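Next, two complexes with chain A in common: one pairs it with chain B, the other with chain C.
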Partner chain A sequence: MAEIRLEQLAHSYHGTPSKPADYALRQMDHVWEQGGAYALLGPSGCGKSTLLNIISGLLVPSEGRVLYDGKSVNDLSPQQRNIAQVFQFPVVYDTMTVFDNLAFPLRNQGHSRDRIHQRVREVAEALEIEPLLSRKAHNLTADEKQKVSMGRGLVRDDVAAILFDEPLTVIDPQLKWRLRRKLKEIHQRFNVTMVYVTHDQLEASTFADKIAVMYQGQIVQFGTPRELFENPQHTFVGYFIGSPGMNLLDIVLGSAGIELEGRALPVEESIVAQLRRGGEGRLQLGIRPEFVQLVASEASTLHGQVDLVQDQGTFKIVDVRLDTPSASVIKARLGEEQLVPEGRVGLAFPAAWQRFYRDDRLVEIVP
Partner chain B sequence: MKPYNNKAWWLVLPVFVLVAFSAIIPMMTVVNYSVQDIFDPSTRYFVGTEWYREILADPRLHDSLVRQFIYSFCVLAIEVPLGIIVALSMPRRGLGVPVSLILLSLPLLVPWNVVGTIWQIIGREDIGLYGWILNSLGLDYNYASNPRDAWTTVLVMDVWHWTSLVALLCYSGLRSIPDVYYQAARIDRASSWAVFRYIQLPKLKNVLLIAVMLRFMDSFMIYTEPFVLTGGGPGTATTFLSQTLTQMALGQFDLGRAAAFSLIYFLIILLVTWVFYTAMTHNDNKG
Partner chain C sequence: MSLQLDNVTLSVRGETYIDNACLTLEPGSFNVLLGHTLAGKTTLMRLMAGLDMPDRGTVHLGGRDMTHVPVRQRNVSMVYQQFINYPTLTVFDNIASPLKQAKVSHQEIARRVEETAAMLGIQHLLGRYPQELSGGQQQRTAMARALVKDADLVLFDEPLVNLDYKLREALRVEMRKLFESRHTIAVYATTEPAEALALGGTTTLLHQGRIVQSGPSDEVYRHPCNREAASLFGEPPINLMPMTIRGEECRIAGLHQPLPDVWRSLPAGEYQVGIRPHHWSLQPLDEPAFRLPVIVRVAEISGSETFLHLSHDRIDLVAHLIGIHEFGVDQALEMQVACRQLFVFEPDGDLVLSPSSPRPTLASV
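And now, the complex of A and B:
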């Protein structure tokens, strides 16, 4: 059990990195508290697995330090760090039985027979693989193998943390959901730090208390699922979290206030003043589809044509094509019971849900 | 009645012809010889199983069969573990990879009779490296007169010639193991012995099966190298099965007995290979 701290950590697979793009991980400071359930969320190739392998010690970072409970572990191997890691694809020891697979990490540590039996039974019961215990591992199906792999990660109860690298990729959706709940239960029972890497926001938010969103080798936001939804600190978080993602519109500060392709947007004067003080940079307005309101066309300065309606069962996604020169599309998410207007509509963005970004970073607005 | 279209047989015909010429016709010729006593094409007698009975009771065959089994056993016992060790210690990246691959391939590219000649010279006590060193160490080594020395020289020569094959097969097997297995083993705190025992060895099983079968069959049929090196001597110390057979067929022109011998020889190889194969794969189907 440990708190894991990353200090000015950076990693490059190049020998001599010269520009930011050479880094798989850009410099970061971060803390995973002891006993937390965390998700590391991001698209493929954003550096999630690299970060995980650095935490577990499979990879030595090119810059910075990894600290467990305040002590640097940079020079320690995964064995010495006492960490468990579950990989994306199942890794089982083919010639052993399922029982021996689960017992393997414990035997390597020299635990007593009774202790091994007790722990293996416990984990097998939690993962519902008790009937398989006496089977040879190489005859199992892919998801059974992955459960065995996960079991090997969970079987040691003295580990600093358990790291999961997209462990449910090979599992079918039904079972996926159950296993996620199982992991959550196990987390609550054993109070061990867990870091769960995934590119699926649903998976991240059902498993984790706090999610770290990674983008281009950086953690761009660390927060609860609610925080990520309501207050994306980075345009990428807005776009990546939510279904569909946040609407992002390029805006400029004109003489009349905020303008979107020449059209004035009704935004409070105090906000405009704060944005003006912030200096240069690309400005964007972000609004979640859930908060976009479709109103009568005369009630708004922003208009568009309803282009496409996707009925998702419990809600509808409406694409509105703006009648501005660029004809960009704004997505609105309407409840099942709401009527979808046809033809020309007006758009309204409630002030409470408007977010402003300068060069992709959230501009904090003081009310 | 449903009409059948049998045109597809024409497509298989070339294979039948090929197999007939490469295997069936030569084999049936041997069978033909083994059940007859043939003097010339017009003078021949059917003798049934007589040649077989005679051959099976022949002490010459017994001696060389025992010699052959001991020899093949020694070849496998040395070359397989040695090949695995060589493969495990080969570099995995960098310039060392092509260098070691080329070095290991070299013995495999030398023709059999040249290997025999090379070792005939290396084994000499006056100018040969191997013979000279052994004699300088105080060992009275002479492969031409001492049966034990002749025997070990043939064995050492085979190890020199063929361990590379086992090593290269194992190396390719090792290379195909995904990194994540090693990573998982490190996480599980496995010792390097456990990594070998539970990851590398099981993943090498298929290539080892091929290596064991190839080395068994080849060593069981060994002919050229000992023939060039020792001529089967001193006495009959290094006269293996195939040389006994050649002496019988060509030296004495005893075709009937040689044919019966050939078929028995063939069946022994088939049987032993089948035993190896079954022993090494029977675990696969167990639950």
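And now, the complex of A and C:
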């Protein structure tokens, strides 16, 4: 078990990188603490797999160092680093029984028979695969095989960390629930550092205590699921976290305050003053669909037409097309039992949930 | 032209893949096939397309018997999970390929390719090759090829499954819009209940080769015909508990409850109740409610929601709550659900009662 530290780490697949775009990973410093449950979340091509492969030792970084408990492991192979990995597709030895699959890493290390039996039983019990122990692995379903893959990572109590690369991709949604819940219980019980790579925000936020959101080779925010939802530090986090993502509206600082396509928005004077002090740059107002309120049209300066209602069963997504020149769409998320007004509506953004971005970075507002 | 399947059955090596499927799909409709992996979704689509022939039953398109007409003689296109494009052809030529085969004029090809590409937002990529595109762009190219020829039937086999979650969200909305103004029958297979709801249209639930239920998506979701349908169409799946009615009282999971008014018409006997995870509440409700003591097993917190995995005796339950609620493992709680939101099933699984129409609350005005 280990703390994993990334020190001035960067990686380029180019031989001679000259500009930021040549880097799959831009320079970063980062710490994964011992025993934490972490997720690395981002769209395809953001660099998350590159980062995972550098942590595990499958890839040598072109710049910087990876430290396990303070010692550089740049020159060590994945085996020497003592890392367990669970991949998208379960890796099991089909001809072996489940028991032998789980015992395999321990036998390689020369543990005693008793120790192997005790540890395999313990892990099988935690994963609820005890009834399968004597079965041949090739007869198992995809989720059972994935549990065996996880089990092989858990049997050794000396692993530095367990890395998961989109482990639930091949699992049916109905089973994902159980497996994710199992993983969470396992983490609570075994106290091992876990890093979970995914593009699915729900998987990331339900598994991890802290999530690193990656975008264009950088970690743009590292925080709890709640922080990512409530205070996105970057417009990309606002867009990527949340379903649907944050509404982002271009605004300008006019003589009367904040204007959206010529319409004055009611924003507190102290906030406007702070925004004015911040200098140049593209300004955006961010508001999550969960906090957008549909109000009577005379109660707001901002209006639009209800354009589309998506009934998602547990909630509804309402698209409101603004009656501004750009006719942009604002999304509101309503509860299952809330009625959707028809036709022209007013929009209100509660002050507590307004966020402001300058050149995509959150502007910290002091109350 | 409507597509009609009557008693379609297919067995392979003694194993039934599709069991007596009866289904009518209307022209211009968007139809989701929802079911677990291996439920028979792909097989059913292959039967619709003419890629496989049924052992029994018939397939009619626009009233014409197509049962034994091979796929080449039908006007059908299909989009697969893996994006399939011709690697040596540009995006333009990829999209144009079905029109070239049909000997459409050059001018007409250019017009339709550009129109379809614009619909899918890839008009600026027409000169590129597939390997120069992102996954989402490649799948849009494959979709454009399926849409360009105005097929009678377009089949999508989990087309978004390999794409980023955010791209999926955007493409789902596009799919709805693409088919709104068409006469094509669209069929879309997925394992995800949320996707079925987001796509709207109709949903057909498939389980172990059988059609469990078919109808407008929101209706199937709110009024599942039986326990199986309720479990298939919901994520996390619906919670189920035993219930007994005896005279003026009932027991749910062994707990005495006054008999809710909505259940007075039910004869005494054994039942099961179903509770959608998002109908649980932590707060006392100001209406007749069923209260259940539970133990927290694990709390999964996403940014704005909490999924509580709970147990009561030996029954595992899931609650989906709005907002962030932190609980310790093994903490004891009392959960509530409004009686009117309970589903009631017969012991054999058939639906007896689905939640009465919701008590509407106005959007915050």
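Note that the second predicted complex is superposed on the first by the 358 of 367 C-alpha atoms of A that agree within 3 Å, B and C clash if a C-alpha of one lies under 4 Å from a C-alpha of the other, contacts with A are read in each partner's own complex, and residues count from 1 in each chain.
Just so we're on the same page, a contact is a pair of C-beta atoms (placed from the backbone, for glycine too) under 8 Å apart; a residue touches a chain by one contact, two chains touch by 3 or more.
All of these numbers come straight from a predicted model, not from anything done at the bench.
In the model built by aligning both structures on chain A, chain B fits alongside chain C without clashing. When the shared chain is aligned, no partner comes close enough to touch A:Gln8: not chain B, not chain C. In the superposition on chain A, A:Gly45 makes contact with chain C only, not with chain B. In the superposed pair of complexes, A:Leu294 makes contact with chain C only, with no contact to chain B.
Shared-chain residue A:Gln118: touches no atom of chain B or chain C. Once the two complexes are overlaid on the shared chain, A:Asn191 sits clear of chain B and of chain C alike. In the overlay built on the shared chain, the residue A:Arg180 is in contact with chain C alone; chain B does not reach it.
More chain A residues lie in contact with C than with the other chain of the pair chain B and chain C. When the shared chain is aligned, no partner comes close enough to touch A:Ser270: not chain B, not chain C. Contacts of A:Phe87 after superposition on the shared chain: chain B is touched, whereas chain C is not. With chain A used as the common frame, chain B approaches chain C to a shortest CA-CA distance of 14 Å. Residue overlap on chain A between its contacts with chain B in one complex and with chain C in the other: absent. Residue ranges of chain C in contact with chain A, taken from their complex: 36-37, 134-135, 164-167, 169, 173, 191-194, 197-198, 200, 217-218, 221, 234-237, 276, 278, 297-298, 300-304, 307, 309, 318, 320, 322, 324, 329, 358-365. Contacts from chain A toward chain C in the complex involve residues 43-45, 142, 172-174, 177, 180-181, 184-185, 188, 199-202, 205-207, 225-226, 228-230, 239-245, 288, 290, 293-296, 299, 308, 310-314, 334-341.
Residues 53, 56, 58, 77-79, 83-85, 87, 89, 91, 93-96, 104-105, 108-109, 135-136, 139, 149, 152-153 of chain A touch chain B in their complex. Residue ranges on chain B touching chain A, taken from their complex, read 178, 180-181, 183-184, 186-191, 194, 198-199, 202-203, 283, 286-287.
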